[in-house]
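Note that the chains take the letters A, B, C and D in the order they are written out, and that residue 1 is the start of every chain.
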Amino acid sequence: MKVIVDLCIVPLGVGVSLSGYIAACERVLQESGLTCRLHAYGTNIEGEWDEVMAAVRNCHQALHDMDVPRIHTTIKLGTRTDRNQTLDDKVRSVEEKL
Amino acid sequence: MKVIVDLCIVPLGVGVSLSGYIAACERVLQESGLTCRLHAYGTNIEGEWDEVMAAVRNCHQALHDMDVPRIHTTIKLGTRTDRNQTLDDKVRSVEEKL
Amino acid sequence: MKVIVDLCIVPLGVGVSLSGYIAACERVLQESGLTCRLHAYGTNIEGEWDEVMAAVRNCHQALHDMDVPRIHTTIKLGTRTDRNQTLDDKVRSVEEKL
Amino acid sequence: MKVIVDLCIVPLGVGVSLSGYIAACERVLQESGLTCRLHAYGTNIEGEWDEVMAAVRNCHQALHDMDVPRIHTTIKLGTRTDRNQTLDDKVRSVEEKL
């Protein structure tokens, strides 16, 4: 099952400067080989369900390994059987109608 | 890794009456044996990461098997290494301070 | 415009024990007079759009007044014109089909 | 109060092709004069709380005026008192650490 995800990981108990932790997650995602796009409030990811979810879990594990005691994550997630759609397709289909 | 999740699954392309589809997901979650609590805008789940994520995937599969062509899901997800906390603990710790 | 909301407020930069802050938000919501239901990963609220959004803003203001430097909030939000539906209606319509 | 938002609006009861509705929301956001960035799973917005929330409400109103009977929206929302941060600052602070 193919999935498109918007992932937002928020480490808790490590103060208010979170970009170093977000960068650590970005490296985990890049190493996964999945297509990813960082934006100002999360990261879009496309790929097979199990691979994407394994990457999300690896992000949590990497942060806990950096001594982050608590993590709050928000995931938006879309699957569809009617057609195959990439991250770029989704943006393009909106921009064409503007 | 233990996880606490808030799951909200929205089937698309099947009109505006969604409760039959949400009930189908509830049955999938109940069969998973995980601790679940339905509320008015989703379902809280606690359990091991892989079991919870497998249950979420099974919900998507069950809806696509019911001919739902597209699904939009939102997940809030918490992990922590500092202590073990159940769904009931979380509610109780807030209510004690009201 | 009537709205049904699931609100999850996460204060950052104040350690890992958040229940005191969540309780402060619950008091703000109770004072608003809106119908609210606390669950393990947020609070369901129903009411008029402007009143609900004012209450959410008041929660942020109350936390910043308690010296919380940064807040990350997730809101799920539903509006519909086809019929009037309460929080309790939503749970009941699923439970009837289980 | 300044706010940074990630907005994802999902119209229900209008089939599976949603890009025309998302484009309508983008036009509402552009007319608001707020800084916005479309991505593959939502739109980032920065601005004053009341202006951003008014724009979100205007999106819902615009869709209902297009005969969308039901709307499901997800909002991530951040406020902070420790410093002023733009959408571009947030991306840059992560990319600098990659």
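Here is the rule we go by: contacts are C-beta pairs under 8 Å (C-beta built on N, C-alpha and C of every residue); 3 or more make two chains touch, one makes a residue touch a chain.
All values reported here derive from a predicted model rather than from experimental measurement.
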Most widely separated chain from chain B, with each centre as the mean of CA atoms = D
The C-alpha superposition of chain A onto chain D, two copies of one sequence, needs a rotation in degrees (nearest 5) of 180
So how far apart, in whole Å, are chain C and chain D when each is placed at the average of its C-alpha atoms?
-> 19
If you average the CA atoms of chain A and of chain C, how many Å lie between those two points?
-> 25
Hunt down the residues of chain B that sit against at least two other chains at once, touch-wise.
-> 13, 16, 69-70, 72, 74, 76, 78, 80, 82
Show which residues of chain B lie in contact with chain C when the two form their complex.
-> 4-6, 8, 16, 19-20, 22-23, 26-27, 37-42, 44, 74, 76, 78, 80, 82, 87-88, 90-91, 93-98
In the complex, go through chain A and note every residue touching chain C.
-> 10, 12-13, 15-16, 18, 69-70, 72, 74
For the chain D and chain C complex, residues of the former touching the latter = 1, 13, 49-50, 53, 57, 60-61, 64, 69-82
